[in-house]
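Listed next: structures, encoded as structure tokens.
What follows is a pair of complexes built around chain A, which joins chain B in one and chain C in the other.
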Partner chain A sequence: MQIFLGLLEVVLREGFIYGIMAMGVYITYKVLNFPDLSVDGTFPLGCCLAAELITKGMNPWISCLICLAAGGAAGALTGVLHVKLRITDLMSGILVMTALYSVNMVVTEKKAILSIFNMPTIFNSGIGGKLYGMFGQWGWAVMAGIVCLAVKLILDMYLETRSGLLLRAAGNNPKFVVSIGKDPGNMKILGLMIGNALTALSGCVLAQQRESADAGSGTGMVVMSLAAVIIGSAVLGKAKYIRSTTTAVIGMIVYRACLTIAMQLGLETIYLKALMSILFVIALISSRYNDERRKKNG
Partner chain B sequence: MDNFVSFEHVSKIFNAGSINQNVIFSDFNLSISKGSFVSVVGSNGSGKTTMLNLLCGSLPVDTGMIKVGGTDVTKLKEHQRSAFLGRVYQDPSAGTCPNLTILENMALADNKGKSYFLQRGVNRKRINDFKEKLSLLKMGLEDKLEQRVSTLSGGQRQALALLIAAETDLDLLILDEHTAALDPNSAATVMELTKRVVEEKHVTTLMVTHNLKFAADYGDRLFMMHRGNIVYDISGETKKQVSIRDLTDKFDEISIEDGN
Partner chain C sequence: MKNNMVKKVLSVGLAAVMALSLSACGSSSSATTAVGTTAAAETTAAGSSESSASTEASGEMKKIGMIQFTTVPSLDNCYTGFLQGLEAEGFVEGQNITIDFQNANAEPSTADTEAQTMAQKKYDLIGAIATPAAMSAYGACKADGIPVVFTAVSDPVAAQLVESLDKSGTICAGSSDQLPIEAQLKLIRAFLPDAKKIGILYTTSEPNSITDLEIIKELAPKYDFEIVDQGVTNASEVVSGAQTLVSKGVDCFTNFTDNNVVNNLPSVLQAATQAGIPVFGSEEGQVYDGCLASISIDYVALGKETGIIAGKILKGELKPEESAIYTSNEGSPFINTEVAESLNLEIPADYQDGTMVTTGSNK
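Let's turn to the complex of A and B:
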């Protein structure tokens, strides 16, 4: 029982932390219809930047804001490559992802792994520290949940603003955006900025919780987030009053649970990435099957 | 103003220099006076839709100049030209956002020309106005504000697209075969709505259509295009008295020239 509760905490904590990224990917993939691969680079960017800043004595919350900005800048780059320089969507993402390997190495001063020693993070100082004092390990899950919820509420509010509506329109029907006198390309860039900013924030929060950053942690992030978005909409797609942002987070929790169960059943870590791909394929195919069945039933 | 919209020596060639080179326009000229409702007919490939695309900025001109209201718009991008024109496409799903609700679609278009920042997306104070506009369609859409546009029929969507295109003030209304994808009843309804919008707004209108009945019945000027030229152009009394028969005869004449 003790072990089970411990695992449940890990699943929820990581589900919430990676869930921030899943919401970002929901914006690029579902709202904008843009398969954004730069996420594999912006996630470790957030990790490394957070570790570096906090080690240098930066306030952990301000570090979060800086990571948001850095992720946004990387997203803007992907957007500009695609929209202004007319490079295909997939290639723009790959280019930014590749370039970010070097950027991340510069950020960590050529270290592959960067640890945060005895410095305040959002999990061990302030509210996070108090939660840890009260609930022990569960304090981490609660703290991750608070950050995730805050991001979700802000994102939900944003999607109801004029700019948010226009963003949704840009992904849905670019011609419509043109017809109301706006450039859909600019909205695409904005959406990519939001998506990558959230991804970097997700990496930043993870680094603070683990008190270390791994420059190689980006591999598979796109696959994981896309799977989460797809699983979420497959599980909860029919529920009317649940917002898509919530769906993405829940999808991520389900996904992390699957991975954790597999590890508990004795799967070696080296097979983890393969399992991530397999889960993605299963999610994609079953959601397609679901759609077809829904269409048949009218 | 006598020539509110004008094409001056416009040329447009697709795939220039290649084996598929297709000259659509070479030295095309056109002027349309303010407030007129012009029907444009012509066979496939005659350049009707290309003309609209050039006017709206969806395609760039090779040479020549396009003016609207005396200003040169040739260099303006498509979304910049949207500031003064509204366009309804043949495809009913093109003029609206299928995944947004009717209300969200109308609210977005309602803010055309304004800034799109963090203001509330749907202004609740405008809802009654929206409902009033929708009730004029007599399609019951005023009670479906929260429904996604994707759940509407083609005719309903096209009527909504027309409302949305004309929601704010505009100088020019472009109708690109906007009844072609609809069943005869819906087409007639949308056409009546078009007439009402044009009369209410006194907006200069350019309507491309394959429906000769609509071309004959609506509008105060009609021209027929063929191989990138205007071959038949009537207005005033002649336009009022023109029959479908006259138009089909004219069409046949051209087709014989073309050998089909």
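Let's turn to the complex of A and C:
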């Protein structure tokens, strides 16, 4: 039982942390319909930048804000390449992802691994430290949950504003955006900024939790977060009372849970990739099934 | 709507079932890895169900987790040695110890999940092979104080895994695979008395290579060498990197334990052969693949020493905080006589007793 509770905490903690990224990918993939590969570069950017800043003695919360800004800048670059320079969406993402590799090496001063063991992070100082004192290991999950919830609430509020509505329209119905005299391209850039800012924040929070950063940690992040977004919408469908941001986070938790369950059942990690693809296919099929059903009914 | 919901739940359930069936394949195909660990963890029955003779195994079953970051020969050798070391200390898998072996597929996030899972199961010890695995294991075990025994970490102090090489000061113990760089320089000087420039190809994202480069640059003047280095970022740049170094007039190449460069060794060898200069390897495997010579760490031996440390910790004879980090700075020479002949080089007198091999003779 104790093992189960412990693993549950790990699943929730990782789900919340990577869930921040899933919300970002929800914005680019679902709202803007933009397959953004730069995420594989912005995630380690957040990790490395956070570790570097904390090593230099920066306050962990301010580090989070700086990571948000850095991720946003990377997203803006992807957006400008695509919208202003008319490079295809996939290619813009790949270009930025590749360039970010160099940026990350500069950030870490050519080290591939940065340790911040026992330095102040949001998990062991201030509120995080108090939570850890009260709940032990569960303090980490609570802290990750708080950050994730805060991001979700802010994002939900933003999507309700005029700019948020335009952002959603830029993906679904760009003509509408043009018709009211706005540029859908600019909204795309903004959406990519939000998506990558959240991804970098996710990396930043992860680095603070595991107290180290790895420049190679971006591998597989795009696929993981796409899987989360798709699983989320497949599992929760279009349940009216749940917002899409929540489904992205829940999708990530379900995804992490599946991985942990598979490992608990003794699945060797070499099979995890196949499992990931199977989950992905099931989610895609079931979400299409849902869509078709709704069309028939509606 | 409700009916719809049920279908969605079912789809997730289906995924879990698939995971189960896959895991069944996994456990039947590989007897060496301790799969089915949940069952083992609950009942500690993995050994006793296998043979009733295990009653002679003294005390309780110890459970350890192993995380290997990725699959490369040197790390595989570490694991082989690790098991030998444990056995030397009286721990035999299936009898008095269960080993949950996981490969992280070279992904830090997978290593993290594995380490967290092992920490939650309150294993007695976690073994970690290669730096990223050790980082994940330490991060996951720090709060619970589960000992972490690492190997193939070249600079554990810089990675903040331990406070110093003489006394760990943390829950980590283990061994470092710092290359015997000075011995390698001596070897090169013995083979090439007139050489001036050593060309080094390294991958900028591999931390070991960066450390090694700093060390060799510091040591090179002592042996009257000049280091010409060329960084690459991926496999496709190895060929042009090697050509660049040749064009800068290097007298030989020497390798680090740089995974990318070592995996693309044929490209380096080709460039060197065309220019008529030798390549010195960083591990015996490379000498068998066509490098002239190498002062090589025996990774099996390194793993064995690490396994012995782990065994002592399991028995309570050694506290990780007080342990010293084992470093294999000796290394032994491997020389490819075929390559030496084709380059018209004589084997130096000091290295006559090294291991003589020819290309491909290990296969």
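Quick note on the criterion: the second predicted complex is superposed on the first by the 272 of 298 C-alpha atoms of A that agree within 3 Å, B and C clash if a C-alpha of one lies under 4 Å from a C-alpha of the other, contacts with A are read in each partner's own complex, and residues count from 1 in each chain.
Following the convention adopted for this analysis, a contact is a pair of C-beta atoms (placed from the backbone, for glycine too) under 8 Å apart; a residue touches a chain by one contact, two chains touch by 3 or more.
Please read these numbers as outputs of a predicted model, since none were measured by experiment.
Once the two complexes are overlaid on the shared chain, A:216 sits against chain C while remaining clear of chain B. Once the two complexes are overlaid on the shared chain, A:273 sits against chain C while remaining clear of chain B.
By the document's definition of touching, of the two partners only chain B reaches A:181; chain C does not. By the touch criterion defined above, A:165 lies against chain B but remains apart from chain C after alignment on the C-alpha atoms of chain A.
Once the two complexes are laid over each other on the shared chain, residue contacts for A:107 go to neither chain B nor chain C. In the superposition on chain A, contact is made by A:173 with chain B only, not with chain C. Overlap of the chain B and chain C interfaces on chain A: none, as no residue is touched by both.
For chain A in complex with chain B, the residues that touch the partner chain are 158, 160-166, 168-169, 172-173, 175-184.
Of all residues in chain A, those touching chain C in their complex are 3, 6-7, 9-10, 14, 101-102, 105, 110-113, 115-117, 136-137, 210-212, 214-217, 219-221, 224, 231, 234-237, 254, 256, 258-275, 278-279, 282-283, 286, 289-290, 293.
Residue ranges on chain B touching chain A, taken from their complex, read 77-80, 82-83, 86-87, 89, 93-100, 104-105, 107-109, 111-113, 115-122, 165.
Residues of chain C that touch chain A in their complex: 4-5, 7-9, 11-12, 14-16, 18-20, 22-23, 26-27, 30, 33, 35-39, 41, 102-110, 112-114, 116-117, 119-122, 131-132, 135-136, 138-140, 142-143, 158-161, 204-207, 210, 233.
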